[in-house]
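Per-chain numbering from 1; labels A, B, C and D assigned in written order.
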Amino acid sequence: MKKSVRLLSLVLVAALFVAALAGCSAPAAKPAATAPATVDTFTYAQGADPRGLDPALVDDGESSKIIVNIYEGLLKYAADSTKVEPSLAESWKISDDGLSYTFKLRKGVKFHDGTDFNAEAVKFNIDRQLPPKVTPDMGYASFVFGSVKDVVVVDPQTVTINLTAKNTAFMANLAMSLAAPIISPKALTDGSNSVMEKPVGTGPYKFVKWAKGENVVLVRNDAYWGEKAKTKNVVFRIIADNSARVLALNNKEVDMIDGIDATVVDKITSGGDKLYQAPGMNVNYMAYNTTTAMFKDTAARKAVSQAINVDELVKSLYQGYSEKATTILPTFVPGYDKSVKQVAYDAAAAKTGLAAAGITKIHMIAYSNPRPYNAATGVALATAIQGYLQKVGVECTIDSFDWTTYKAKVKEGNYDMAFYGWIGDNGDPDNFLNLLADKDPSMNIARWQDPVYIDMIKKALETPNGAARDAEYTAMEKYAAAKAVWLPISHAKTLAGYRPQVSGFNYHVTGNVFCSKVVVTK
Amino acid sequence: MTEFDYPQDTPRPDPSSLTHLADETMALGERLPSGDIPDFDETLHEKPENQWLEMWRSLIANRAALVSLIFIAFLVFLAVFGPLLTPYNPISTNMAASLRAPSAAHWFGTDQLGMDIFSRVIAGTRVSLTVGLLAVSIALTIGVILGAVAGYAGGWVDSVIMRLMDMMLAIPSILLAITLMAALGKGIDKAVIAIGLVSIPEYARIVRGNILSIKQNDYIAAARVVGNTDFRIIFRHILPNALSVIIVRATLGISSAVLDTAALGFLGLGVQPPQAEWGDMLGRARGFIFQAPWTLLYPGMAITVTVLAFNLLGDGLRDALDPKSRVK
Amino acid sequence: MFKYVTKRILMVIPVMIGVSIIVFSLMRVFSPDPAPIVLGQHATIKSIEVWRHANGLDAPVVTQYVTYVAKAFKGDLGTSYYTKSQVAAEIGARFPATIELAIAAILFATTLGVLLGVMAAVKKNSVFDAAGSLFALIGVSIPIFWLGILFIMFFAGFLHLLPSGGRINVMLEPTRVTGFYMIDSLTQGNWDGFKDAFIHLILPALTLGMYSMAIITRMTRSSMLETLGQDYIRTARAKGISETKVIGKHALRNSLIPVTTVIGLQFGALLGGALLTESVFSWPGIGKYTVDSILKSDFPVVQGIVLLVAVIFVTINLIADLGYAFLDPRIKYSSKKED
Amino acid sequence: MTTDTNTLLEVKNLSTDFVMNKGTVHAVVDMSFTVREGEVLAIVGESGSGKSVASLSVMGLLQPPGRVVSGEIIYRGRNLLALSPREMRDLRGNHISMIFQEPMTSLNPVFTIQDQLTESIREHMKLDKKAAITRAIEMLRLVGIPSAEKRIHDYPHQMSGGMRQRVMTAMALSCDPDLLIADEPTTALDVTIQAQILALIGDLRKKLGMAVLLITHDLGVVAETADRVVVMYGGQVVEQATAQDLFDCPKHPYTLGLLESIPSMADSEDDEPLYMIPGMVPNPLNMPMGCAFAARCSRRMPRCTQERPPLYEVEGRLLRCFLFDPSGEEGART
């Protein structure tokens, strides 16, 4: 009895306390409310929880979108391209042999926990992703820092990174939202996994809370070194279902949504909201398994490609919100060239070609989830292609799997044709074209190992940025197209819906959304 | 003795007044201790042939059950001959005609890949009924055997079997089915196994319960005395008596199997594409809620109506097989 | 009574061990390898091997199982492969959402179910009865995920009356104490938050509760009809007390006895139904989390959830049994003998 | 028949039907009788001859599909059939109360005796809870329940059948009714308890001065307690007389048969089989057009199967049999 009374009074006191707090914060909120008709919260809805908020340990877009608002790297991409610009590093120098990079760091930058950002912090962050500290679940460590030999602290404001081999893409990698951002070393040493759930960076927004499956709340970092964020709170809400997300936008529950596809565009605009679209840095493709008896032959691959009307397919399946892919690289990535052409649609030629190759049955595998580069799902794409092949007398079987299982199945290699896609990490052409040279069959699902192509890749990686390097990549594309290793299908556009009251967001080609300049009017 | 039988589609009079009416059939001098209604006892002693006939009459006298029976016959017809009747090949795509609204050419419209929804809904009948029937058969066979053995043998055999059933029952069946499907992979054959396995405990329990009560009856003791084997006793004497309950349960089981299949399909764990399955169609149409609501409407209606029919039939069967429940 | 409860609780142990074995083997033996999804698009064959070793996945299955159970006894359900957080914490964070939804659903199902059932039984063969029975029949026949989508289309998409998903407007979110937003907001005097949480709860609760509501309606109706035919109802009427009292007191209490068991079982079934409802409404509970985790082969999470759900299921059945004894004095007083 | 000044209840031409899909059952046909203040009137008949339906009709407790189709039930000058449900409720349990034949099932198993007993006391006597309990205990004592103040907290299942019937009786008498309808109050009890309960009802009647309408198929009970007797067969009154007259000199062939089938001490000592009326009760859905008893009657005449006999008034009693047709040439008086 006594105990319950005590408990009750405790609850009451707690309630009063909270009420008092709310009372105190109310006047503080008032000036914002009276300021010229803006709202102090920007709500952004995405389809899934972030995997975590430690940029070294995650690999998904949902995490990345939040991470870029909390953390910064040494470098960043320009607002409208993947051109590299200064961020936490003010300037840099690359040694003549291309193996050593020296960065001058910005002064007076503090992490959200009050600790200083300096050369030690940079070293700490890179070291944890290098052997022997690196763990297998740091998905991007080898991609971003794989060529790093060591990190040397010259002085608190200067740091030198030494590479083992020339890597032209390294600068672009340092601007990435995964692996590259700098985390407070204090937070990293505080306890296991705490950064995954309580991130501490230097960015324009500070982390407030994360209700799993519901939302992640950020608040403006008033001690930010640069231009302060315009809107006080940013909330990332998790709404899994596509249509539900649109409804939430229409019903003004949220200010901006992503992960939408053609099917809901009308609903967005008819509901009085706006559609943002921009070319996306991705490619959606079909690959032939070049190790099978059927498709080790280029003519056979060509014949199948000829049977598929990619133009019609992309129009119906993506309804104008994906562009037909004429090549692997998206149009704005260096090395893209209009002159690259894939095998053209020609059903009659396909029929004779397939007959000549003796192909009557094809086994495909496909993923059943929508992917950022293929909102319609791999299954829908596979089924459509099955339809085209049926018309030229080839029977296809499709085995579909959820994404996890699918990746395992791809690795097993038991297929004639498979579907995949790639989201560009850093805007460097190598990031795309290297896929066809990779030894790992879960990356290079065509399992294509062409010595000529591999040589071309190696050479281009060592060539410094410029027209010469771009031309090398164009040549690679032409080579791959002639061999018909992939059938590039489409580049998905970046799509977002937003309320007319929202302005100032930067939906970057990397798929990240920078919120610091967002203004929401009443 | 005159039987005082009320047609079951009209509810019985209140038992309190019925008592007196039923008593009217009693001869003088016979004193009924309480309000037992004599016809209940009679049905138990009726010969089986008679019982089936009686059941059939009773069933078709129930209008709702009759309609559902006719509808199920129609579904079976569609499942068997549907592919011959569909206006389009249910699995052939036509990218040039995707997401068309219902029209004379496509009665239920087309989906994203230009497949005819009407044809796919019809084709889906076969999948749903197949999964429903096969899954129930699996569950029924294993469940009846386990339940019979447990109930008849008793002792530790009973304990082991029933604890196993408890374990399965402790996990909600849809969760168990999803986990199974995730482990087994997609496909109609795997759906049959998953859904069949998870409903075993229901049948095992029913059969065991029935056997435990029937076991006490004199005629079982009599069968044992004349030297029948256990096996024979179970299959010749005990099971036929538990049959009516099992039949009702199995009919309702088909409806829940159809629902479970759809749920698996909806979550993307059902059939392999491009096979037409209602839940799978719904799951894929989720994104078209605004742009093409017809893609959602018809498969959902197909599921609901089919499940409704089996539920009605199950209710009708229960009423027909068990006179006591006619009151309800 | 005490002995009976103890016995029932002890019976749970073998069941739980069995459940853990079933789930463990399903996840370990048959499921796809989680390594590729956990390690992401740049994973190498080597890093996968290292990871598998670090997570004990290269040990024999039996060893893995024993290790798991030993840890589970200490309340350690392992670490999520995907988010690297404690499974227990991950589940704990999402659990109140599911329970809040399930309670709302069962309240709706019970209230409306009992009401409709009683009305149908009292007005037997009337329009009420027919409508109630039809409603109940459709309730058990309609797939809940479809129902949920129809609700969203109509109430959120067409009428713009109710939100299409989520639990609450974030800015109105109360401080998490119990995790039940309705309770937290109320105790914190956050009236707007309470209203908002309630509004968000309506459609998912209706969807999730529909099936149970139908079952309870049917059960109440038949139980009520049986009770209404009992001699003691005639006695009550002969006493000259009002019909409301005859139905509301004498008949209802007796008919509710079998219904309680059904309600208990339904609550367990709701946890299964939550898988689908939460997926449709983006409800941040364990149902949606389960589906997501299964698709990601996040074994530790799936195992943890299934174990937890099994514990709840078994506990609820236990409570339903005890509730039964509470409502029916014949059982309460004779339970000693039955032990 | 004339209405005496001391008439408590008068039932006039009551007919009650059960409408079923297979046809209509005429459970009570054109039944008339009166109950005078303070007397015991017995209605006798085989199980289901319509006597219980008649009593439920009086109480207004018929459940669908049962329905009074014609007649009047006049209680102290008020036609009960014309009363509103509310007025009827005020009467039930208060002025007219009833004991049923199944003590085992007639009490609600989930409420205590106190709860069930005080319910009607509070409803009709407008007492508060405490006074109602006092009254309830008093009533339990009256019906002879030992340590009533303790047993009042029991649930029905904790009591024996006899005790429960006593509780039922206490419940029926708790509001000082003027008329007690006892529907086979002893059928379900064993012989010694039967006698106790009957004695109790008899005692209380004298003590409280109420009238009793006793429904029974047990002629032994009737002989011991009733002032007047109504014999029913197939939903109709076939004979009505004072108890004295009826037992001394039964006239209707059916009454005769009934009396002969009572086991007597003498019978049981001989090994003679007990007499039973041959044949069966007619199907209630398919009543013969003539006399309902004709098929089983040893003194059947041709007209018996052709037309239905009216009630003849003979020597102060009422008889439904052509044997007593005063104009009948075939009428051979016994």
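Quick notes on this one:
Please note the rule applied: a contact is a pair of C-beta atoms (placed from the backbone, for glycine too) under 8 Å apart; a residue touches a chain by one contact, two chains touch by 3 or more.
Just so we're clear, the structure is a prediction, and the values are computed from it rather than from any experiment.
A count of C-beta contacts for the chain pairs A-C and C-D puts A-C on top. Ranked by how close its mean Cα position lies to the mean of all protein Cα atoms, the top chain is C. Centroids of chain A and chain C (each the mean of its C-alpha atoms) stand 37 Å apart. Averaged Cα coordinates give chain C a centre that lies 54 Å from the centre of chain D. A separation of 24 Å divides the Cα centre of chain B from that of chain C. The centroid of the Cα atoms in chain A and the matching centroid in chain B are 48 Å apart. In chain C, the residues that touch at least two other chains are 152, 157, 230-231, 234, 279, 295, 297. The set of chain D residues touching two or more other chains comprises 102, 105. Shown for chain B are the residues in touch with two or more other chains, namely 14, 16, 35, 268, 286, 289-290.
Put simply, chain C touches chain A in their complex at residues 32-34, 36-45, 47-48, 50-51, 54, 82-85, 90, 93-94, 97, 152, 156-157, 160, 163-167, 169-171, 173, 175-177, 187-190, 279-282, 284-285, 288-289, 292, 295-297.
On the chain C side of its complex with chain D, the touching residues are 230-232, 234-243, 245, 250, 253-254, 257, 327-330, 333.
Within the complex, the chain B residues that touch chain C are 11, 14-16, 35, 163-164, 166-175, 178-180, 182-184, 255, 259, 262-263, 266-268, 279, 282, 286, 289-290, 293, 296, 300, 303-305, 307-308, 311-312, 325, 327-328. By the touch criterion stated above, chain D contacts chain C in their complex at residues 59, 61, 85, 89-94, 97-98, 100, 102, 105-111, 119-120, 123-124, 155, 157-158, 168, 171-172. Every residue of chain B that touches chain A in the complex is listed here, in rising order: 92-96, 98, 112-114, 185-186, 268-269, 272-274, 284, 286-292.
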